[in-house]
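Two complexes come next, and they have one chain in common, subunit A, joined by subunit B in the first and subunit C in the second.
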Partner chain A sequence: MLKYIIRRLLIGLLTMLFLITATFFLMRVIPGSPFINDDESVAAQKQYEQLNAKYGLDKPLPEQFGIYLKGLFHGDLGDSLIKKGKSVTDIIGNSAPVTMRLGLTAFVFSMLVGIGLGTAAALSKSRALNDFVMLLSTLGVSVPNFLLAVFLMLVFGVNLHLFPTVGLKTPLHYVLPTIAVSLHPIAMISRLTRTSMLEVMRQDYMVLAKSKGTARWLVIVRHGLRNALLPIVTYAGPLIANLLTGSFVVETLFSIPGIGSEYVSSVTNRDYTLIMGLTIFMGLLVIVMNLISDVAAAMVDPRIKLDK
Partner chain B sequence: MKKTVRLLAAVLCLALLASCSPSGSKTEATPEPTAEATAEPVAEATPEPAEEEEDTEPAAEAVEHSFTYALSSEPDYLDPAICMNSNTSAVLGQLYYPLFRYDKNGNVENLACESYTVSEDGLTYTFTLADGNTWSDGQPVTAADYEFGMKRSIGYGPDSAYAYLLYSNVAGGAEANADMLDVADMTDVAIHALDDKTLEITLAAPCPYFIGLLSNVVAFPLRSDFAVEHESTWANDPSVPTNGPFRLEVVHDKEEVVMVKNEYYVHADQIETTTLTAKIITDPQAQLSAFQTGEIDLALAVPSDVLNNYADDPALLNLDVVSNTFLWMNCTGETNEALADVNVRRALSMAIDREQLITLIGANGTKYPLYGYVPKGIADADGGDFRTNADEAGHYADFDLEQAKALMEEAGFNEDNRMHLTVSYIGSNTNTDICVGLQAIWEEIYVDVELSAAEQKAYAAARKAGQYEVATGSTSADYLDPFYYLERWVSYNQGYKQVNDPQYDEMIEQANLQADSAARMEQLHKAEEYLVADNAYTIPLFGSNQLYLMNPAVSGLKYDPTNSVYFDGLTY
Partner chain C sequence: MDKETITPVRLPDPLPANAFDALPDEERNTEFIAMESRTYFQNVWANFRRNKLALTSLCFIVLMCVLAIAVPILSPYTYDGMDVQALNQLPSWKHIFGTDKFGRDIFVRVMYGARISLSVGFAAAGINLVIGVIYGGIAGYVGGKTDMVMMRVVDMLYSIPSLLYIILIMLVFGSNMFSVLLGICVSSWVGMARLVRTQVMSLREQEFSLAAEVMGASRTRILFKHLIVNSIGPIIVSLTLMVPSAIFQESFLGFVGIGISAPMSSWGTLANEARMVLNSYPIQIVWPVLSICLTMLALNFLGDGLGEALDPKKR
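What follows is the complex of A and B.
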C-alpha cells in the first residue's frame, strides 16, 4: 500500500510539472495580455509598456518561465497582475476556504440525500418512489446548474423571501447555493446507489444472511449497503475535488467570494500569475482527492489490490 | 419566517417518508437524509433571518441608519493613487473629501476648496482651503496633505492609471512620473502648500479643464504618516485616517466593504447614515435579486429589462452618464482598401438610422441616438450642452439611405460588385445585437458584413495591432471636456494610427491655445464636424444612460455624469 501511495505521489508530481508547463505556455498563446485595454491615449500606451516592464512580461518567454519556476520552488506564487498589490497566496488563502465550506456542505448533503434516495428506491416496491428517483436523477444530470440557481434564487429568494441570495454569511445563506451545486451529484449518487443496491440484493451472501435469520435492517446495512457503496466511494473522490474547486456559475449568481469565480475571471483578465497559482492549487486538490478515494476503495473492499 | 422554513422541511420529510413506508420495515439509510433535511432548516431558523431586512428598512424612531449598495466587482486596495475603476472609486468617494467634485450636471463644485484664483497666463492656480476639514483621527487637514496626495500619485509608478491627469499638466510632473520619484525629491514639481490653507499649482501649459481634473481620485489628500509611497497594502487598514463623510470599518475581500460615519467629517451633522456597506455582487441579475429581496438598497448594475418591469416605479433611476458607443474605422485601408475612401465611410455612417437601430436592439430609454462623437453631458462655453448645441446647428451623421447608396456607387460598388466588410466586436449580447443590426442595415448599400466576435482582451490586442476593419467601441469620460473625446483621434494619441490626419491634429492643437473659452469651444466644434461629418473617421452610434435601482424610502443620492455616486446626502 505504502509503495503504491509513493508511486502515485511521484506520478502526481510529474503530472503537476506537465500541468504547470502546459498552462504557462498555453496561456501566453491566447491573444491578449493582462495590461491591454481599449484605451489608446499616449498615457495608456506609456502605462502599458511600463507595466509590462515592471512585471517582467517584456522578457523572452523561456526566461519568464525560468523566473516563475524559481519563485515556485521557493514557495512564491507571485503577485496578482490585475489585483494590484495582492499576492496570489493571499487570494487563494482567502477564497479557497469559502469554496471549501460550501463544497463540504454540499458534499455531505448530496451523499446523505443521494444514498438515502437510491437505497429507498432499490428496496421499495413503490412505483411512484422509483419514478420519482429516476425523474430526479434525470433532471439532476440534465438541468444545467445556472438554470437551477436562477430558478432557486427567483422562487425562494425573490418571490417567497425565504432565503437570502447574497454571500454565505449565515447558515441560511447556504441553503440555496448548496441545493444548486448538489442536485447533479445527488442524481449521480442516487442512481449509482440504486443500481448497485439492486445488484447486491441479488447476491448469494444476502440470501445466506437472510436465511441465518438476521434482522432485515441489519442485513441491509451490514451486508447490503456496505457492498453497494463501493462505486460511491470511487465517485466521492472526484466529486469532492469538483466541489472544492468551486462552481463559477453558482458562485457568481450567489455572490460567493470563492475560488471558482476567481478562476474564470483570472483567465478573462489574463492574470497570468493568478491563473498559474489557481491551476496548481486545483491540480493538487484533484490529484490528492483521487488518491484518497482509490485508497479508501481498497480499504472498503479487500478484493481491490492496489499494488498490482 | 420560521413557519415557512418548517413547512419546507416538512415537505422534504414527506417526500422521504413516502419513500420508506412501502418497504414495510424501516431501513437504516432512509432516516438519515430525513434527519439531515429537518436538522438543517431548523438549525438555520435560529439566527433571526429578518436581520438583513431590518438593516435596510430603517426604523423611524432609531437614529441609526444603514445603507447597502452593490459593487459589480471587488474594489482594489483603497489607495486613491491606483484606483482605476468605478467600483473602487465608488468606495473612495465616500472616504475622502477632495478639493472639487462634479455635480450631476457635470459642473465643478467646490468641496474642500473655498475659493481659487488663476493667474493671467492661465498657468498658476492658487487654492484657499475651507475651514474645519478634519481627518478621522481628529487632526486638521492641511494644504500639505493635498500636496502629498497629488505628488504621491505622480510618483507612484506605472500602476497609477490616472496619474496622467496630473503629471501631463503640472509643471515638472512628467519627469517625476517617469523617474518614479519619492515625494521628498519632488521639489521641482510645481505643487506647493504655501501655508496650511493655501495650495499653489503651476501648469506646464494652460489647461482649461484643470479644475475638473482635481476631482479625480489621484488628487485626493493623504496622510504622509500612513500612506506608504509606491505601494498600496496599507490602504485597507481601518486605522488609516480619511477625511470624507465615512471612514473604513472593515474590508472583507471579495465580499463587502463596511464604512461608518466619520464623526470628524467637516459636515458630519448632515450625515444621517451611520453604517454604509458596499457588497460585491458581480452578476447584474444577482444585483436585481438582491435588491428585490431587500439585501441591498442600491443596485448600480442591473439588467436593462428592469426598464420595463420598473417603468413607473420610483425605485428606478435613469441617469445621464457620459459614454458613447461608436465604430472604429481602419481608415488606413490596410485591412480593407475601401475604408480609405471617404465616400465609403460617409455612406456607412449615413445608412444608419440610429433611432431605428436603438429600437432594434431593444435599448429604447437606455440609449439615445448620437450624431457626433462627443456624448451628452459635457458643458459648452455658454453653459449649455456641447452635444445639444452642435445638434441644433445640424446633425453630423444624419440618416440618408439614398445618398448613402449614391456615395457607394460613386466609390464603385453596386449590386453586382458588393463590398465585403468584417465587423469585430467584444462578444456580448448587446454588441451582437448592434452588429447584427448593422449587418442588416448595410446589406442595403451593397455591403456584405461578416461578424467577428472575440473575447475582451483578444479583441483589444487585435484592434490595437490594426488587425480589424470596423470595430465597435465605447468610451466613458475621465474628465468632462469635449477635448477628452476629440483628442483620441489625434495621431500621436493612437498606438495604431487608424486616423492619421495632420489637419485634424492641427485643429485640436490650436483649440487648446485659445485663451477665450468660447473661441476654444468653437474650435472644438469645428474639429468634431471635420472628424465626423466631413471625413467620417469614426461613426457615432449612441450615447448611454445608466440604470440604478434604489430603495424609494431613501433619497438624496448624489451622482455625476462620470458615473460616480456619493452617499453624503442620503436622507431617510
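What follows is the complex of A and C.
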C-alpha cells in the first residue's frame, strides 16, 4: 500500500511538471500580452518596455521559465500582472474558499440525493419511483449544466423571484447554483447506486442477515448499503475534484467570484502568473483527490488490490 | 427410504409396422438448427431493432444529419443573410423557428449549427477511436515495460483538468474547428485507450489468439484482425458516448464565447446569442437548447441500445 502511494505521488509529481511546462509555453504562444500596446507614441512604448522589463517578460523564454520554477520551489507563485499589488497566492486564497463552499455544498447535496434516490429505486417496487429515477438520470446526462443554469435563473430567479441569481452571500443564494451543478452528479450517482444495490440485494449474505432476524432497515443499511456504495467511492474522488475546481460557466453565469471565473478572466487578460498559479492549484487538487479516492476504495474494499 | 418400485416401461402396443424402418429423407432433421444461422451483425441488428427507443434515436440522428447537409437546398435563406424587415420574429410559416435580432432565419442557423456540432462530435469520436485503439491495443498486447511506460503517460494525461487545456488551446490556435477538435482530443482519447487495453489484455490469453500465433500470423495481424475485432462491442458503445461528450464540450465553449466564431455558429454559440435577448424573446433560446438536449439524449439512448445489442451473450 505504502509503495503504491509513493509510486502514485511520484507520477503525480511528473504530471505536475508536465502540466507546468506545457502551460507555461502554451500561454506564451497565445497572441497578445498582459500590457496594452496600441499607443504608438514614444512615451507609451517606453512604458510598455519598462513594464515588460519589470516582470522579466523581456528575457528569453527558457530563462523566464527557469526563474519561474525557482520561485515555485520556494513556494512563490509571483504577483498578478493585471491586478496591481496582489500576489497570486492572495487571489487564490480569496477565490478558492468561495468555489469550495459551493463545491462542497453541491457534493454533499448530490451524494445525499443521489444515494437516497438510487437506494429507494432499487428497494421499492413502485413503478413511478423507478421511472422517475430513470428520467432524472437521462435528463442529467443530456442537459448541459450551463443550459440548466440559464433555465433555473429564468424561471426561479427572474419570473418567480424565489431565489436571488447574483453572487453567493446568503444561504438562499446557494440554491440555484447548487442545483445547476448537481444535476449531472445526481444522475450518475443514483444510477450507480441503483445498479449496485440491486446486485448486492441478490447476494447470499443478505439472505443470511435476514434469516438471522435482523431488522429490515438494519440489513439494508449495514449489509446492503455498505457494500453497494463501493462504486460510489471511486466516482466520488474525481467528482469532488471537479466540484472544487469549480464549474466555469455556472460561476460566470451566477457572477460567483470563484476560481472558475477567475481562471476565465485571467486567460482573457493574459495574466500569465495568475494562469500558472491557478493551473497548478487545480492540477494539484485533481491529482490529490484522485489518489485519495483510489486509496479509500482499496481501504473500504479488501477485494481491490492496489499493488499490481 | 423405501424400496424403489420399478414400473416396467410400457411400449405402445401394438407397435406401428414401420417402427424400425429408416426415416424417409425429407423427415430426417438431425442437422436441423431451430434458429436460423445469423452472422454477428445480423444478430446485432435484430436485437437492436427490438429496442424502440434506440431505433427512434437512430432515426432522429440520421434525420438531423440529413437536414444539416440538405439545408441549403431546402431553405431559401442563408445562415448570414440579414433581413431588416423581419427582426426578432416569432415562428411563422415563413420562418418556422422565427428570426434573430439581425433578421436571420433561426431554423437555418440551427441547422448550420448542427453541421458544426455534429461534425465536431463525430470527428472527435473518430480521432479518439483511431488513437485510442492503436495506443491501447499496443500497450495491452505488448505488455511489460512498454505497457508500463505507455500507461504512465495515460495516467498523466488523465489527471489533467481538460477544460484548462481546451481553453488554452483555443486561444493559441484561434477559434476554428481545428483547435476545438485538438482541445477536445488531447485528453479524451485516454478513456478509449484504457478500455481497449483491458480488452486486449484479457483476449490475448484466450485460445484463439494462441491458435492464430501457432498458425504463424504476425503480431500486427493478431492484434488488429483478432484481438481488436473481438472487442468491437465495448469500443462501439464508448464511441457513441464520446460523441455527446464532445458535443457538450463544444457547445460549452461556444456558450462561454470562445467557440467557433461568427457568423458561423454552433449550437452553443446560438444559445449564447439567444441568452442576450432572453428577457425580451425567450423563444429564441428554445431551438438551440432543444437541439443540444435532444441530440445528446438520442446519442445516449443509442449508446445504451447498442451496448445491449452488441453483447454477444444475448441472442
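By definition in this document, the second predicted complex is superposed on the first by the 295 of 308 C-alpha atoms of A that agree within 3 Å, B and C clash if a C-alpha of one lies under 4 Å from a C-alpha of the other, contacts with A are read in each partner's own complex, and residues count from 1 in each chain.
The rule we apply is simple: contacts are C-beta pairs under 8 Å (C-beta built on N, C-alpha and C of every residue); 3 or more make two chains touch, one makes a residue touch a chain.
Note that the structure is a prediction, hence the values are computed from the model and not measured.
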Partner chain in contact with A:Ser261 - subunit B first, subunit C second, else both or neither: first
First, second, both or neither for A:Pro171, with subunit B first and subunit C second: first
Contacts of A:Lys212 with subunit B and subunit C, given as first, second, both or neither: neither
Partner chain in contact with A:His74 - subunit B first, subunit C second, else both or neither: neither
Touched partner set for A:Val158, first subunit B, second subunit C, both or neither: both
First, second, both or neither for A:Ser142, with subunit B first and subunit C second: second
Which of subunit B and subunit C A:Ile30 touches, first, second, both or neither: both
First (subunit B), second (subunit C), both or neither touched by A:Arg202: neither
Touched partner set for A:Val150, first subunit B, second subunit C, both or neither: both
Dominant toucher of subunit A (residue count), subunit B or subunit C: B
Doubly contacted subunit A residues - partners subunit C and subunit B: 30, 150, 154, 158, 252
Footprint of subunit C on subunit A - complex, ascending: 11-12, 14-15, 18-19, 23, 26-27, 29-30, 138, 141-144, 146-147, 150-151, 154, 158, 245, 248-249, 252, 263-264, 267, 275, 279, 282-283, 286-287, 290
Touching residues (chain side subunit B, partner subunit A) in the complex: 1, 4-5, 8, 15-16, 18-20, 22-23, 25-30, 32-34, 36-37, 40-41, 43-45, 47, 49, 51-52, 74, 76-77, 82, 157-159, 161, 164, 168, 231-233, 252-256, 279-283, 285-286, 289-290, 292-296, 454-464, 473-474, 487-488, 492-496
In the complex with subunit B, residue positions of subunit A that touch it: 30-34, 36-38, 40-47, 50-51, 53-54, 83-86, 91, 94-95, 108-109, 112-113, 115-117, 119-121, 123-126, 128-129, 132-133, 150, 153-154, 157-158, 160-162, 164-167, 170-172, 174-175, 216-217, 220-221, 225, 252-255, 257, 261-262, 268-270
Touch list for subunit C against partner subunit A, complex: 152, 155-156, 159-161, 163-164, 167-169, 171-172, 244, 248, 251-252, 255-256, 271, 275, 278-279, 282, 285, 289, 292-294, 296-297, 300-301
